[in-house]
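Presented below are the structures under discussion, each in the form of structure tokens.
Each of the next two complexes has chain A plus one other chain: chain B in the first, chain C in the second.
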Partner chain A sequence: MSLPQFRLLRPRSVEEAVGYLATHASNIRVLAGGTDLIPSMRQKLFEPEYVLDVRRIAELQGIRPQRGVGVEIGVLTTLNAIEHSDFLRKHYPVLTEAAATVASPVLRNMGTIGGNICLDTRCLWYNQSLTWRKACGFCIKKNGDLCHVAPGGTKCWAVFSGDTPPALLCLNAEVEIASPSGARRLPLREFYTGIGDDYRKLQPNELLTRVFLPESSADYRGVYRKLRVRGSIDYPLAGVAVVVKRSDGHVSDARLALTAVNPAPVLVKGASAMLSGKTMTEELADKVGDLAARTAKPLTTSALTPEYRREMIRVFTRRAILAIANN
Partner chain B sequence: MKKELIELNVNGRTHELAIEPSKLLLDALRQDLQLTGSKRGCDDSSCGACTVLVDGIPMLSCTMLAASCEGQEITTVEGVSEHGSLAAIQKAYGDWGGAQCGYCTPGFMMTVKHLLAVNANPTEEEVRSALSSNLCRCTGYSQMYQAIKAAIEAEQKAVPST
Partner chain C sequence: MSDFSIIGKPTAMVDAAGKTTGAGKYTDDLSLPGMLVGKILHSPYPHARIQRIDTSRAEQLDGVVAVVIGKDAPTPYGILPVGHDEHALVTDKVRYVGDNVACVAAVDEATADKALELIDVEYEVLPAYFDPEDSMKAQSDFIHDNKPQNIEKDYHHVFGDTEKALAEAACVAEARFIANEVTHAAMEPHSTLAAFEIDSHTGKPGRLTVWSSTQVPYYLQHKLSLVLEMPMAQIRVIKPLVGGGFGGKSEVIPLEIIAAVAARKAQAPVKITYTREEVFWAHRGRPRTIIDLKTGADKDGHITAVKARVVQDGGGYCSYGVVTILYSGALLGALYDIPNIQYDGYRVLTNKPVCGAMRGHGTVNVRFAFESQLDELALKLKIDPAEIRRRNLLKPPCVTINGLRVQSYGLPECIDKVVERSGWRERKGKLPKGCGLGIACSHYVSGAANSIIRSDMPHSTVNIKIDRDGGVVVYTGASDIGQGSDTMVAQIASEVLGCSLGRVKVIAADTDLTPIDIGSYSSRVTFMNGNATLRAAQEVKKLLIAAAAKKMNCAAEDLVFRDDRVGKKHVAAGDSPAQDGRGRPSPHELSTDGQASVSGRVEGQILRGSLQQKRKDEGPKDAMTFEEAVVAAIDFHGALTGTGSYAPPQEARGGKHKGAGVGPSPAYSYSAQVAEVSVDEDTGEVTVHKVWAAHDCGRALNPVSVEGQIIGSVWMGMGQALTEEMVWKDGMLMNPGLLEYRSPSSVESPEVEPIIVESVDPEGPFGAKECSEGSLAATIPAISNAIYDAVGVRLHESPFTPERVLAALRAKKAEKKIDLTEGVDPTAPTRFREHGGSLWFRGKGPARHPLDPARREAPAGGDD
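So, the complex of A and B:
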């Protein structure tokens, strides 16, 4: 299948890119690695008049540690570069582990950290060709007025399926967003809305530019566990990220986040309190696993049954905690 | 949409092409340059049959715009042979039955070429991990692993020991 027709814009600076976004905000899509946008354009999910190819903006590339502050990651940094960064592996291992599970090695050469954060929410009724959607019935996220997953409701439940955002949430990441009125910074946990068809707080004239990891999140032990049908290529069907800091055999701080089971990646409320000050035992891991499973709201948006995906959230949470405890 | 003039560097030669900005790299290679080695498999950005090297890095040509690749060096399977004869890995694929129906082979070639360029002596696990980007519907993976092993051994023999 070929792509719908569009005009291609190739800015070399953030300023130039934001200028294009301001002029064409009503009908433009941002292209970075292309691994999310191009398949969707092929399926006629997006038919913009303009495509803004930001790949040539050099200032948005690279991982820059800042002593005493943390690390700044340009949004165009590929997932492969994140996976193989010695600095990130040493200080923010949960992120390199999550990045290493995204799709396949070749797709990680293309896909970027910014693209993974901005990944469109997915659903079996949405990520299909125009012919398929026409035949089986359009849905609320595109061209239709009903949800096939939760009939009767008016909310879109398309599922957020990025692997790195739960890791970034555990690390208290912030994102920088550029717009015609300047740049603003936002904690990543405030970036997502939890609504499938309006899943992120990014205006059409705004561009995600940088990701920041604070130094206070450095050197936590971290684990990411991902459920998928094949060992490569696939999007997650359930994902769990856990970070833990220990002192004297006790947990001094911990965070737990989920992906692929809700319309947004979510930090599990109460997990930190449940783990802090405790020794990581099997009993405690079970308790946190139960809490995580209650936070997950998987629906029939994806392969495998919602019941199985929710159960695997419980199992992976337990295994992730015990993996950290036994390491 | 109006066609635009772009310069595409493929297998060491620069081509001037008049194409639509929405044209995928795979289509520019196959339709405009008649380089039909790269294949359209899944059309879903997952199978790897269209893999080419962009500045030496394997990428999916079905998931890139041709116009976005201006200024970059593209290598397709047509550019893998050396001085008109098969590269060691191509010969080994033939000898060990690494290709069955052959449709996925050009994509695998590019992935393997990159793997051996960055890691001359990969472990079996590293080979399996690198090849996990490409799908073979004939499921002839074992023969491919054997072929790659043979190609590495042939390469090592070819280098005179000092």
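So, the complex of A and C:
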């Protein structure tokens, strides 16, 4: 499959990049690691006139701890760098664990944290070649008006399949977004819309630049559990991230987030309340597992059946909580 | 004589350096001046009649040189003489999504892609058939007009009295098994480059040269001649390096014909390389197979009868289908001693990509069913699974009830070895909760005794030429597709001639240069081409012997050729001045050989000057170098050439019943495996920890290569057992890529302990048999049996995905059922569209057979 023709823009600063975005807003795609965009362009899911290669913008690289505040991670930081960061492993272990499960080592060398946050939502009926989609009939997410997952429906259910965002949600991450009018900060949980074909709140002239993890979320115990068929390469078919802070044997604070079972990564509402102030027992883990399974809305967007994936959200949540309890 | 100097030693592949450094050339690496890129327009419909094709807009696009459609080459072809049902490009109907409609030859890929968009095709959509059992009930709109009920071929074999034996059996097991469709997923996508020479006399396209990723250059040459209506002599097929075939390149693949047709029309070289998606559409993999199996045994566990009804979902064309369905029945025999066999096989056409030959052709899915059922019988009879297999061994030499001749038979030793190495007796049934051991056996042909082209010509012929400087050139038609046949041929030639491997150069798989060999499939190459090489080497060696005997003044029988030396037998190897204890020229000997070293002798080579010097001091000798023997022989005989060929013996060619031609082989390989697995009872995930795999390959010519083949077979079998499945919806392949079609990654690859068993076949070259396919079939039932041992659930449908395992576990425990059929979001519809019977999308699907495992495991679905 040939790559469509495009003009490559290679800015050296955020200002320059945002300038290009503003000029070509309707016809430009941002390229960082390229592990998501390039295959999609070959499949003609995107045929932009311009590709904005942001990899030369040095200020978007690196992990920078800020005493008393937290840590700032440039969006171009590779998943491999996150996986192997001693600082993150010590203070935000759920993030390194999630980063280590993304795809395969080769792809983690290319893929970035920003790309993982902005990962396009995925669906078996969408991530296919142009020829395939023509034969099947175009869907809401690209060129069409019907949904193969929920025929008759008008909403796109393409599923968010990033591994790191549930961990970041648990850590109360914020993201910085640059635009011609300056930079703004947004809690990550407000970044996603839950709509498959319009999954993030990022205007065409905006660029995701940094991720912030507050110091208040540091040193939580955390676990990420990922359902996949193979031990490598695969996108998650369901994912559970849990962070817990304990004092005196009780949970003082906790958060639980899911991925790959909804069009957005989601914090499970009520999980914190259910866990806080309690001792982590099997019964409690079961209860939280049930809650998580009710939050998940898997559909036939991915391999394995929806009911099985929902069931695994229950099992993985329970296991994640017990893993923290027994650690 | 078990003391070999070349064979039996781990030997690096002769083409390894090119492959590891990247210098080696695969078809897609090739280009020619003025070469165009070909792109194929594929059908978007599973079944439709073409009303009209208009290519004019595409032809007018700048950069497009030619557009070809069906009428440019309307002669049908097919790999089997009985199955000429394919065209280069369809002429009347498309029969699967991905069928080949038109091809554009353009200056580059982007232009060709653009031109495809400009071809206007009007289709009349026809009712399509996706499920073989539905397809067999069709009353109209048959996929091929001459195949009523869409049945490509059915066979009904009865050997002995199965009904009586089953009625009298002490114990009978009966079940339906389903093995879902899998494909080869070879690393190299298919690629073909076709170029015509301009005929000097007519100015029109004359001779054709085709470079292609093929396992069967001679079949390709033949089919090209048929479709292009050219004499075979005008067509040259060359096989460059091939990045894996596994059967997916063992017949003529559409792009190979299309590239040639396009090159003819464009009057320029045309290269087509498939995208991965196109590889999935070209397919020719293992069909989804429905097996209704009934096995009876007496109270001691001796199998008394087997009755099998097999339905294969063959896809839109015949391909190797007739052979596949026959193998499925024939190879019920030749593994165990079974006195009564009844087989009803149906190869059914459906509107899906075409199934063909894949590693373990025809045997794998039935073996999964049989070995699973054998364990059920063992359980009922309270006999250890390894023991029940031992009780049903053949007693070779023998001919089975269905006419298969078995000579060498290493199965007993294979079973013993895996039982011993795996600690079966001590550990079976005593592993921790959720862990289990399973055993299974399998076998495979070492080439078919009857070739598909129904001719009495030899299946392999090899020529050898020895040059004056002692270089040995072997011309073989054998196609090295990564399995190492070039290395095997070089090893055999150098072993027979007693020269070092470095002297041997293999020229292979070029129809202009190499004599005919019918191809690399059904594990025939080592046995057949190896035998032809052996004979060719022996023939040319006769010339060397005659000359050397004269020179050395001794009888021909007294000569020994070994390690680049010709010596006399009565001089013990250790005493020979030419050899050290390990049979290699000693450094001492080399340094005293003043003439040679002064004139620049290097290993395996000698310069002309030294040869001329050597010839001066003639006279009887006790020993000669290989080069001296060669020079002497050329002086005596002129050219030094030899030829050898192989045709399977008449006794091995099977019975007389209809379809008896498929199954017979000059020799069978045998395999036994034990798999150790653990099952996560909450998730249904199966982990394979270790597989002990013993394989009887007759003799291991290159042990490292044999081990590689065993490990590869186990790994590929594990893929089919656990993760690999082609998933269909309305004839659309949902996973036409290596991301969603999940071959195992290195992370979940278990440790495989390959164990080589050598039964030394009386007819194989140095006793060798096949080693690259037979092991695969045992892996799937070994894993299935291990899952049963671990958690007590019997899986009837492969692959054993976590959801299927969990559903079975839930059913066993009578816990809350897991619905494997539908979406669970409250806003989701209650029914999905019709589909081809796959697990993911089983909504309003076809009615399932009462014994269908999916139906039993998930009765809550909206199946009916």
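Everything below uses one rule, namely that the second predicted complex is superposed on the first by the 327 of 327 C-alpha atoms of A that agree within 3 Å, B and C clash if a C-alpha of one lies under 4 Å from a C-alpha of the other, contacts with A are read in each partner's own complex, and residues count from 1 in each chain.
The rule is short, and it goes like this: contacts are C-beta pairs under 8 Å (C-beta built on N, C-alpha and C of every residue); 3 or more make two chains touch, one makes a residue touch a chain.
Computed from a prediction, not measured in an experiment: that's the story for all the values here.
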Open item on the list: Quick check for you: in the superposed arrangement, does A:P151 touch first (chain B), second (chain C), both or neither?
Closed with: second
Open item on the list: Which partner chains sit in contact with A:F46 here, chain B, chain C, both or neither? Use first/second/both/neither.
Closed with: neither
Task: First, second, both or neither for A:P306, with chain B first and chain C second - done: second
TODO: Report for A:F138: first if it touches chain B alone, second if chain C alone, otherwise both or neither.
DONE: neither
- [ ] Look at A:S232 in the shared chain and tell me whether it touches chain B only, chain C only, both, or neither; answer first, second, both or neither.
- [x] both
TODO: Scan A:L107 for contacts with chain B and chain C and give back first, second, both or neither.
DONE: first
- [ ] Figure out whether A:L8 sits in contact with chain B (first) or chain C (second), or with both, or with neither.
- [x] first
TODO: State whether chain B or chain C is in contact with more residues of chain A in the superposed arrangement.
DONE: C
Task: Set intersection of chain A contacts, chain C complex versus chain B complex - done: 1-2, 4-5, 104, 231-233
Task: Residue ranges of chain B touching chain A (in the complex, touch as defined) - done: 1, 4, 20-24, 27, 43-46, 48, 51, 57-60, 63-65, 67-68, 111, 129-130, 132-135
- [ ] Show which residues of chain C lie in contact with chain A when the two form their complex.
- [x] 42-45, 97, 109-110, 113, 275, 277, 682-684, 723, 727, 730, 732, 734-736, 739-740, 742, 744-748, 801-803, 806, 818-825, 827-829, 832-833, 839-841
Task: Footprint of chain C on chain A - complex, ascending - done: 1-2, 4-5, 104, 124, 128-129, 131-132, 134-136, 149-153, 155, 157, 227, 229-235, 297-300, 303-308, 310-312, 315, 319
Task: Touch list for chain A against partner chain B, complex - done: 1-8, 10, 31, 34-35, 38-39, 42, 51, 53, 55, 104-107, 109-110, 231-233
